[in-house]
Amino acid sequence: MSLLQVDGITKRFGGLTAVNRFRLDVSAGEIVGLIGPNGAGKTTVFHLLSGFHVPTGGDIRFKGVSVVGAKPHEICRRGLARTFQIVQPFVNLTALENVMVGAFNRTEDVAVARERAAEVLEFVGLGRRRDVPARQLTLSDRKRLEMARGLATGPELLLLDEVMSGLNPTEIETIIALIRRIHARGIALLIIEHVMRAIMALSQRIVVLHHGETIAEGPPDAVARDPRVIEAYLGSVP
Amino acid sequence: MTGDLLLQAAVSGFLLGGVYGLVAGGLSLIFGVLRIINFAHGAVMMLAMYATYWLFTLLGVDPYLSILITGPAFFAFGMLVQRIVIEPNRFAAEHNQLLLTLGLALFLENLALVLWQGDFRTVRPAYAAASFVLADALVEVPRLIACAGAVVMALALFALLRLTDVGKAIRALSEEPEGAMLMGIDVRRIRAVAFGIGAACVAVAGALVAPFFYVAPDVGESFNIVAFVVVVLGGMGNFVGALAGGFIVGLAESLGATLLPGSLKQLVVFALFVLVLLFRPAGLFGGGHGR
Amino acid sequence: MAADAGAGLVLALLVVVPPFLPPYFLEILISMMLFGYLGAAWNILGGYAGQFSFGHAAYFGIGAYTSTLLFLRLGITPWLGMVAGGALAAAFGLFAGYLSFRYGLRGPYFSLVTLAFAEMLRVVAVNSKAVGASLGLVIPTRTPAPGDFVFAGKLPYYYVILAMAVGAVWITRRLETSKLGYSLRAIRENEDAAEAAGVDALGMKLRAMALSSFLTALGGTFYAQYFAYIDPTITFGPAVSIQGMLQAIVGGAGTALGPLLGSFVLTPISELSRAAIRGRAGVDVMLYGLVLMLVISFLPHGLMGALPRRPRRPQP
């Protein structure tokens, strides 16, 4: 079942075209990787999908309904959640309170939200930190907290924006395992990542973005060998 | 007849607008470099007006000449205030920095009230009532001098910003804070200098309006609000925009006073403020930092 | 919490002791409670939602003028007029709030626009003969009539404002543990992240604005009935806006007890300074300015933030 249909979206900022006729389909339960050199427009795509930017052209349909012009919280209500490239915790709230905010997406009841938040925190491995103010959490914990907050909103599609950046190899392993557990719960994932081995291992399909346009799409090993992809990352092929 | 009245209002308002532009220019500069909205701007102007008053009343110094004293003095005062009060809090949340300058404003305004009480005082040198007629409009000489003085000061500042190293550093810091730091610019010093220049602007403006205004602890408040309006109109951080905005607001306020009864003229300024904030937050001329 | 026990004790004293106090002290207590109340009302929008309004005097004035005009012109009891004033203030708050939030005004820009709205109301009131212009309105209080919110002596007024202050704290507590409370704090911390987590930022901020402005207006009615005189410069003036804001910030914005704690500290400072330097207006506000600068610099979370916190229980 198709969850997300991105139909040739374009985003222009003044004279700069950040994203150009970008197409993407994500089905329920899929893991899709989104890669590309810095400045390729990947995070802009995330902003467009989650409602923080409005596309200059094109359409985005989530579960069959167009979400262009919808506010971020409306899109979240429908079942699309995201994390941010630079992690954005609610620093003066505890880890539990942070996740509760997400849990309120599915309930009005405080006790239910608290229970759900506690459960999600356990799931991401932060159960022991539930009463710690977010400002005291390490970067790795903050990344998991942000994922937990997104998960608590009850999404069908979760957008992860470079969740592994700034983490050491052990922490990266933890995140990879977490992503697999999330996937096992039936949640579709669209992942922006620079840690190549991780995204190659996790993704069923990879889309490569360069200067705002798709230059390759396909299974990980095919994309890794694609000369256009290699050229985009390394300059011209020798 | 109404035409005459309107013309008169336009001339008076336009002339005062020059001073508004200077005051706002200082505020805009401070915002550009320090990224704070200096709520104490009007209070510093008020203090400078008192300084002008005391120099005139006790020592017979002509208000315009006193600029040679108050200008540098308030520049130093501004740098001092920035170093002591604002710099230590430069990493505080935006709204906290606003509250900081609010606290400073309350402190300075009421310090003046405590020291010198609320009586209106005036600075009236011999030429205070001088005027001449120009094409059916009465031009008051002090207003004309004030406008001219403000424009001269603004041009001097513009030259400073364009031509001197300090000026370039200020512009660099306004546009690219991180880049400026990497270029080895002494950021702390420039921040203090920027605030000092802002204080000097209002000091000069204060001396220029003293001959036709009144001096009291609350005189800064009206200039404060107008300065905010002008800065938003001209674009936050846009120095030239502030000058242009000053003339526009001066005109609007004065015409409003002619057309609206009582003190309703203030509505014009506030309404303009709200409208620009809502619909053109980057200012009429753009180049501002928006919301 | 230890703070709760302390608050309970203080409340007991506040109920039991005042009948024995001389009028001067009762006056101070009433001021203290009123400012604390205004602080608590401001706190809902400022401390919890993180939207610092510099123009809450707008709602205070609307409350004061609405109930007073209804009383003077139509003989409607201020107890009802209070609610009408609150509703009108909430409507104005929603209007001003919608404009501001819808057009994305945040931080200092929001603060300035709220100041502008309050000032506009002040100017209109000063220039409107219908509401007494700059002379204001006088409320006849020679014959006590509790049904009309007119009491003999100060004590009844004290208990009214005490009840209002306690009510405001109670409402804040309920807010803290509600979905709205969590949403507001998320918005305060990071509005974009909150939106991404499903929080309707605009809707929640408007709710906070409506509640905050409604409560503030009730304070305006109290002021009118207690002082029996209102004028636009006071009721719509920046002093009222700043008073409310100050109690919350000094005491601890975003905490239920903060505004009252702030008031307990600031009001005596104000009184003592005025008593110490008689005949010189402005000493108290000068000290307010100094205190504000000091608090921002050294105690950014206010006095409540300086109190020792009971460490949270770690999970087993």
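Remarks
Should a chain be cited, it is by its letter among A, B and C, assigned in written order, with residues numbered from 1 in that chain.
Keep this in mind: a contact is a pair of C-beta atoms (placed from the backbone, for glycine too) under 8 Å apart; a residue touches a chain by one contact, two chains touch by 3 or more.
Please read all numbers here as calculations on a predicted model, not as lab measurements.
Taking the mean of C-alpha positions as each chain's centre, the chain lying farthest from the centre of chain B is A.
Contact analysis places B-C first among chain pairs (by count of C-beta pairs in contact). With centres taken as mean Cα positions, chain B sits 48 Å from chain A.
Each chain gets one centre point, the mean of its Cα atoms, and the points for chain A and chain C are 42 Å apart.
Distance from the chain B centre to the chain C centre is 32 Å, each centre being the mean of its Cα atoms.
Only residues 37, 85, 88-89, 92-96, 98-100, 102-111, 113-114, 117-118, 217, 225, 228, 232, 261-264, 266-267, 270-271, 273-274, 277-279, 281, 291 of chain B touch chain C when the two sit together in their complex. Residues of chain A that touch chain C in their complex: 50-52, 71-73, 76-77, 81-82, 84, 88-94, 97, 100-102, 104-105, 108-110, 113, 127-128, 130-132, 149-150, 152-153. By the touch rule above, chain C contacts chain B in their complex via residues 50, 52, 54, 99-100, 103-109, 111-113, 116-117, 119-120, 123-124, 126-127, 242, 249, 277, 280-283, 285-286, 288-293, 296-297, 300.
Listing the residues of chain C that touch chain A in their complex gives 177-179, 182-183, 185-186, 189-190, 192-202, 312-315.
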